[in-house]
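Structures for review follow.
Two complexes follow with chain A in common, the first pairing it with chain B and the second with chain C.
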Partner chain A sequence: MDGEWSATLLLCGIYSLVAIATQLGIICGAFSLAPIGWMSVGAYAAALAATKWQVGGATGLAIGVLVAVVFGPLVMLPVRRISGLYFALVSLAFVLVIQSVVSHMDYTGRALGIFGVPLLTNLWHVGIALVLVCGVAAFMTGGWRGRALRAAGQDPKVAYSMGVNVANLQLVVGAISAVIGVVAGFLYAHYVGYVDPTQYGFAMVVQVITMVIIGGRGHWMGAIIGAFLITSLPLILRPLAEWRDVVNGALLIVVAVLLPAGIFGVFGLFRRRAGPVDPAEAKAGH
Partner chain B sequence: MSDLIVRDLSVHYGGIRAVRGVNLEARKGQVVAIVGPNGAGKSSTARAIMGLEPATGAVSISGREVLGHPTSMRASLGVGFVPEGRGVFGPLSVRENLLLGGYCIDSKLHTKRLDVICELFPVLGRRFEQHASSLSGGEQQMLAVGRALMSDPAVLICDEPSMGLAPAVSKTLFATLRTIADRGAAVLLGDQNAGRVFAVADEVCVMRLGSIIARGTPRSLGSPDELASHYFGTDSGSSAGLADT
Partner chain C sequence: MLLEARGLHIAFGGVIAVDEVSFTVKAGEILGMVGANGSGKTTCLNMLTRLIAPGRGAMMLDGQDYTALAPDRLVALGISRTFQNLRLFKDLSVAENVALGVQAGMQAKGTPRRERAIWARVHELLDMGGIRVHAGVLPASLPYGTQRVVEIARALASSPRLVFLDEPFAGMSSDEARMLSKLLLDVRESSGMALVIVDHNVEVLVSVAERLIALAEGRVIAEGAAAAVLSDPAVVRSYVGTDV
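After this line comes the complex of A and B, so read on.
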């Protein structure tokens, strides 16, 4: 495979991870941007493990994952009091606080970041991580868990009255999203060879939101579609030279206007239309 | 013993006291209704019993005190809830909505319960894979009731089930609620359509400004128009918002 396409494919995979992490939060009613902050934690864990702590990559990843499991649910806690865009703003604050902290600490290299992270990540690593994360996402969003998550996302009070413990579900999703974010950041740091605070700031937040919206909210596959499209678009549109950004923006507007449920929403429509109509068959399918 | 016992229930919204010391009981096979105009406190009472509003007093379900316990636990103790405005999950299919209602019960029982719901509401069986949002208002209300029945609850709480429904549809729905009670559930029904309520209820509580001001059998309370003139100072049930619409 051409080196440029191979690199793009690898980045598609990494961005898919963080987009799936964000999508899981959206599905359960917690529009959290925290996965981008957790990506930063994973990247710095990789960099510090390799350059300061002098431990193996696996240890760095384990430390990052441990931090995510412990603190991921804590970052999700405010959703008990606030929701929607207000919660998104709180989670954005988490991202910006992490960015601010690492850019002011000598230990994390301040604004310059940390160089010399070993270039270990390859397509296989990303592919395996993506398959595993897809498995987790399918597990979480399938069957009774998925119904409960989606109910919590649509109307938490009604979901509670069905017996769904919405708060606990959201905390579990907070932990899972944080771990996925850490893994994405870890892989990214070991791919580009350095970390700096600008990598995981507002620009990344906008990019991930765009991926989720364009790909299709409400399903983890939508996140993957969005991540692959948005990441590979610059390469696909390269022959258009200086018109590339214009076409890029126009394409996003067209998708957003014509496909409000995102690209995956089109597949969902077909799937629903092709669904079983015989009640006996439908009942047997639960 | 009553399946639902409510003692001295009060609900405050800031400085406003929406429900003032309400006492209620509902036994198996009984439909207990709360009637009253908008703002009387019917929905606040229903939601407080379900744990969706902070309240003081005592609420006992099947002999167990639940006030202070989370809503999800009350559901698992056997309370089905039909919220005001139906609260169906629009993007989910009818089947998924119904299965959510059976969240608290063993999944092996789902098929049997789905059969029961489809027998009560045949139209739902024909719409299994449709998005709930594509159903008509009456069908959505049937779905909301069916979903609440999926867990085979000891107590079914229905908040304004006739809201926005055509008279014929609400008549069918209320008859089904009567059937549900006859099959062994205790039904608490909050609605302002006194005409419909009187046709199915065993006991009616008249609520005004957060308090129950009268209670009795439908026969002892008279017609909806008499009820309106006695308790709300209006000439007819419709002007008090109590008559059939």
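After this line comes the complex of A and C, so read on.
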């Protein structure tokens, strides 16, 4: 495969991970941008493991994941008090605080970041991570669990009265999406070979939101569609390279106006909502 | 006694919405609740289903005090409800809405929530309500009366012992209302669940409820057989000037 295409494919995969993490939050009623902050935690864990702690990559990843499991739910906590865009803003603050902390500490190399992260990530790693994360997303959003998750996102009060512990569910999603973010950042750092604070800031936030909206809110597959589209667009439209942001913006407007449910929404129309048809009944000609 | 409400009281700001309300519901009984607009009926239901915490008072189900129980634990006790302003999950299909009720009931009983079992029960309920043809559509595409039936099917889906219905007949044609009251009586017959029904449509309400309780300004002003309650001077007075 052409090196440039395989590089793009790899980035598509990594972005898909963060987009799925963000999407899971949106589905359960917690529009959180924290996964981008977690990505930075994963990337710095990779860099510090390789350069400062002198431990293997796997240990660095394990440390990052551990931090995510413990603090991921914590970052999700404010959703109990505030919701919607206000909560999104609080989660954005988390992203910016992490960015600001790493750019002021000598230990994390300040604004320069950390170089010398071994280039280990290949397409296989990303592919395996993506398959695993898709499995987790399908598990969380399928069957009774998925209905509970979506109910919590749409009307938490009624969801409670249907026996759904909305708050706990959101904390679990907080942990899962934080772990996914850490994995994405870890893979990214080992792919580009360095970390610096500008990588996981506001630009990345806008990028991920665009992916989620264009791909389609409400389903994790939409996140993947959006991630692949937005990431590969510069390569497809190489002649328009300088106009990348304009093209992204135009695409966002077109999708928002014409396909309010996102690209996946078009496929979503064919989703089975009535439940499986009873085979005996199907034979009887119903 | 299945349900016992003791001295329920709550005020919003300075306004006392519900004032020392006490009443009981026997197992399998259908209790009608009437009262002018703003008399505190919905607020009573909100407390009894733990959506809001009572300021004072206690609520017992089968002698078990559930006043401080978390709202998501009520399904397990056997309590479910509908809402005055339809509260169906708008991005879930009719069948998925009902499935949420079914899975809540299974969770309460500790039965494994397998898709096959859930959908079998969902289709049973949809058939019972005559809404099977709408299984795959979003609730908003249905007429108001049909959406009410969907919400009621969702409430019945968890096989509760006590169901609170907040104005189930509102916005229904008289045919729809008649069909719904028959459905409610059938369900009570077969499952033995008790119902507390709030409604302004007294005629239909009296056709299903064995007993009425009347509220005015947050207080119980009459309780007992329908005819007696409706002719009670206090009740008549509380309705003067309203459209009922």
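What we mean here is this: the second predicted complex is superposed on the first by the 260 of 286 C-alpha atoms of A that agree within 3 Å, B and C clash if a C-alpha of one lies under 4 Å from a C-alpha of the other, contacts with A are read in each partner's own complex, and residues count from 1 in each chain.
Throughout what follows, a residue touches a chain if its C-beta (ideal position, glycine included) is under 8 Å from a C-beta of that chain, and two chains touch if they have at least 3 such contacts.
No experiment lies behind these values; they were computed from the predicted model shown.
Colleague: Is A:Met105 touching anything from chain B or chain C once the two structures are fitted on A? First, second, both or neither.
Modeller: neither
Colleague: With the two complexes superposed on chain A, say which partner A:Leu132 touches: chain B (first), chain C (second), both, or neither.
Modeller: Neither chain B nor chain C is touched by A:Leu132.
Colleague: Quick one: classify A:Gly218 as touching chain B (first), chain C (second), both or neither.
Modeller: Both partners, chain B and chain C.
Colleague: Looking at the overlay, does A:Ala151 come into contact with chain B only (first), chain C only (second), both, or neither?
Modeller: Both: A:Ala151 reaches chain B and chain C.
Colleague: Considering only the touch criterion stated at the top, classify A:Gly163 as touching first (chain B), second (chain C), both, or neither.
Modeller: both
Colleague: Looking at chain A, which of its residues have contacts with both chain B and chain C?
Modeller: Comparing the two interfaces on chain A, one with chain B and one with chain C, the shared residues are 144, 147-148, 150-151, 154-155, 157-166, 218, 272, 275-276.
Colleague: Using the touch definition from the top, list the residues of chain A that touch chain C in their complex.
Modeller: 143-144, 147-148, 150-151, 154-155, 157-166, 218, 272-276, 278
Colleague: Looking at the complex, which residues from chain B come into contact with chain A?
Modeller: So the residues of chain B touching chain A come out as 50-52, 70-72, 75-76, 81, 83, 87, 89-93, 95-96, 99-101, 103-104, 107, 110-111, 114-115, 118, 125-126, 128-129, 131, 147, 151.
Colleague: Would you mind writing out the residues of chain A in touch with chain B in their complex?
Modeller: These residues of chain A touch chain B: 144, 147-148, 150-151, 154-155, 157-166, 218, 272, 275-277, 279, 282-286.
Colleague: For chain C, which residues count as touching chain A in their complex?
Modeller: Going through chain C, the ones touching chain A are 49, 51, 70-76, 80-81, 83, 87, 89-93, 95-96, 99-101, 103-104, 107-108, 113, 115-116, 118-120, 122-123, 135-137, 154, 158.
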